[in-house]
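Input: one structure, supplied below.
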């Protein structure tokens, strides 16, 4: 039996004005378990708190009901008061008789009546309260960043700067991501490599950063502060620690016809390759799909020319197991396939290209050494048409495109158009747009410069059909402002392809039990207030894996994610919320209903031995809640068919008791 | 002889801690009145509300039960209110089958900023329940004291 | 019928939701009969939305649409302008004596190779 | 080749007179490829164009009757003319998916059992691809069309609306090209192969048809095509009327030629 003290606050006249506080205190005196009841002007004041503390001592109280303002206001205060007097803070309940009573009711009679009922409900609940102690768990002081693009690199650098070790796992042979493929960056037009490659080098040289390139995460277990991660290090057939990156092998390899993915297949590389000159780590990788030695056992040229002896044809995939306190997802994006948009003749003509291909075409390190030449015949194009929103804002064609705006295309297209006009003033540039969206710092000014200073023809309307004929691309489009259908004989057509999350994101989300939206972007814990955290504790989001973003936005989010990780890693222990789900193992039948509704993946199953009434033991499958991961929403408690799952602090019988007290029948 | 009193319904309102309870607090801060018949029970999330709680309320003589949660997509626990929506539509069709008038139950999404909506919803709900009169059908007479 | 009623009628017959249109003009960019039309596919969507139906009903554009469905196929929003044009055209020719083509017109269309399909289709489109 | 399948075959109006080639080569080739084409005793013209208005009932009834007769025979329905294919398939789609339309049609028809879009409708080309298989077609070829550069002309009715017809990717179709390859020819891809020839509007505005057809032919010729194949009598008529640059034949004709039965048909 509890010994409950009731403390009714006047809140000056805020409560006492419409609620007869003495009557409330008197009425609650007779409730079951109540041994003390009083009222006071300001219960939250020092004097008020002292009344509570003294009463706890004098009356050996085991539970407290404060009838006052909203628990959102002073629950924490009164819990501290109780704790200071040696009472478990979770033995305190608040009856909200201000916001939900005195402030909204005008007459004393009904206000008092309601306040008494609210007080009774709180007393009924406290009668069933039990002391709760928040769980504690340790924190592994190492972070994992999945993805080595600009988002991952920035996050890793920031975490490492704060003194914590970080591992970057990158599936490609080098870090750098999409940004490494770009030529210039908007709106300042500084070269992407000039600002990215120093960061790549920083990452490589930072003693707190370890780079697992050509690697993938294959398994994630554990929870916030204590993740167990398995990383597959794919066989690159070159010993990373021995290879000096001299590149001799990549010059001598006889297999010359491998499409170079770094240049989006617009030129070829060898079967052994270093993706680009500033690759980090700068070591060669053998492409097993094309290597003659690996396929037929005959060749071995690279091993012969390698003076360091780094080639190892017998290499196998290796699996590394690591422990991490926090995980950052930075898996990035890809342009969507243009296969289903053949009204633009992408599959029919080499001179219809995507914007990313255009980046390589104007990049000094690209297949044309930075000269803008038509892929089909190497001639200089004099008329170029850009098509915006190819596959973006596409509602009807879910299987072709994306419903969302890809956000970056308006700006990079303005950049491309401007760069062409700057370098080749004899070239006419047309941009077909639906809307020009430039809401960023110095963005609209940038776009206007393309129009006003560089003379780019911006035309409101879409392209309907591109017809390759002879050396020309006949572009049929609408000009909505002038009410015309235009026919332009272009030399090059550039498609602003929508971007989508990397394909690796979906399986990764499953491993992390992190949630995703229908477009496979990771969802954030709160769209406005917790934009870099995933709802899964200890998992953070950086860059385009969360939604389309340009470089400035990506970098800010990367740093924000890093600061959240640092905030987690500086802690030695994590204190949980004790109001979490708890399973009664004797009642649990192991059906998995709770596991399926848990948004955090906090529930797992284990086989446990139970002593049966007949003294035999039996192995049963029962649910087990991870206290470090559970956030206490209670979804599982309702899903549980046997009633085994309950929520501490909001137990079934507590809520029922409140219902009964209110219904007073 | 006892006077025939004006019917005052008993209304139980379950409010999630993050949105609707805060919305109710805001209604209070703004002094937006709604009938004293409404008594709020705080739950962490609308998905914590077991349909059993609602049945219990009706058994114990509640005349109406309203459940408030965050707007779809805004749930503090990301998906809780979707479960609520599904569970309650099941429960309501069962209550319908039992002959409990549809207007005695309601699910409403109220955000922490919607104090006015909270008050308006409660006013409207109480009005409808009052019009229906006392709940007799599910009342468990064994509970009567 | 006034314009509001006409609009309702046309939306009902066509089953099209004109509100989905984001005014990109891809329909008109795809239209192979563009130059022959006074009002173009994207204008059908916006004029119907605005309730400006009378000018469309009087326009020869109705009879230039090839029903080739290019606009429907390429519309990123699923607006289906061809269905709108069809609905307006039917509204026009369903009126008494509003047939666009009569049997008297046939001889001048014929040559040695004219397929029956041409006449059947044209009558379907131009006559009620 | 033994008989693989018996199908209900709908030739349509034009195949009985002006487009007899399309029909006869198709029938003979089907026989060789193991498909028995059974023409229903009575059929009516499909109407040539499908009316997308969902309150149009009467103009679609002939197609529904046809679909029903195939259902009664428990056979798939095969059409060879693009226009018939378009009308019949769209009607079937509406009968399957538009409940209001379906109920109105069924009430009007007042048959014992309602028709709910159960029949599978194939275009002849789909039959070759999905039932016979292009590899089997290739094996049956006696006189390969060696070296002939052939452009496929799809026009509009064969492919669109893509979601309803489900024939091929409406912007990048392959089905006729794959057939040309199977027959030993060399397909020529050109962008205007799915642009309209001018269709029935040539009745009222020959200028429009002339312009459109001309563009198609010019584009195909520029891409190196020596001839065009089509499945539509109206396409063939328009293309031939407004340009003499390239010969236009029905796809069934090159099929019969490659199967070595062209002469047989012409005897």
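The letters A, B, C and D name the chains in turn, as written, and every chain counts its residues from 1.
The working rule: a residue touches a chain if its C-beta (ideal position, glycine included) is under 8 Å from a C-beta of that chain, and two chains touch if they have at least 3 such contacts.
Since the model is a prediction, treat every value here as computed from it, not as a measurement.
**Q** If you tally the C-beta contacts for C-D and for A-D, which one comes out higher?
**A** Higher C-beta contact count between the two pairs: C-D.
**Q** With centres defined as the mean C-alpha position, give me the subunit C-subunit D separation in Å.
**A** 24
**Q** Would you kindly tell me how far, in whole Å, the mean C-alpha position of subunit D lies from that of subunit B?
**A** Centres of subunit B and subunit D (C-alpha means) sit 62 Å apart.
**Q** Express in whole angstrom the distance between the two chain centres, defined as the mean CA positions of subunit A and subunit D.
**A** 50
**Q** Suppose each chain is reduced to the average of its Cα coordinates; what separation in Å results between subunit A and subunit C?
**A** Between these chains, centre-to-centre, one finds 48 Å.
**Q** By residue number and range, which residues of subunit A touch two or more other chains?
**A** Within subunit A, residues 343, 465 contact more than one other chain.
**Q** Any chance you could list the residues of subunit D touching two or more other chains?
**A** Touching at least two other chains: 171, 195.
**Q** Which of the chains are touching one another, listed as pairs?
**A** Touching chain pairs, listed by label, are A-B, A-C, A-D, C-D.
**Q** Please give the residue numbers of subunit A that touch subunit C in the complex, ascending.
**A** 343, 389, 393-397, 401, 434, 460-465, 476-478, 480, 483, 485
**Q** Mind pulling up the subunit A residues that touch subunit B in the complex?
**A** It is residues 70-72, 96, 98-101, 103-106, 110-111, 113-114, 117-118, 121, 515, 523, 525-526, 535, 579, 597, 599, 631-635, 637-639, 647, 650, 652, 655-656, 658-660, 662-665 of subunit A that touch subunit B.
**Q** If you look only at subunit C, which of its residues touch subunit A in the complex?
**A** Listed in rising order, the residues of subunit C that touch subunit A are 20, 22-31, 34-35, 40, 42, 70, 74-79.
**Q** So in the complex, the part of subunit C that touches subunit D is made up of which residues?
**A** Answer in residue numbers: 12-15, 32-33, 35-36, 63-70, 72-73, 80, 82-83, 86-87, 90, 100-101, 109, 111, 113-122, 124-126.
**Q** With touch defined as at the start, can you tell me which subunit B residues reach subunit A in the complex?
**A** Those in contact with subunit A are residues 10, 12, 17, 21-22, 24-25, 27-29, 31-34, 36, 39-45, 47-53, 56-57, 60-62, 76-80, 83, 87, 119, 139, 143-145.
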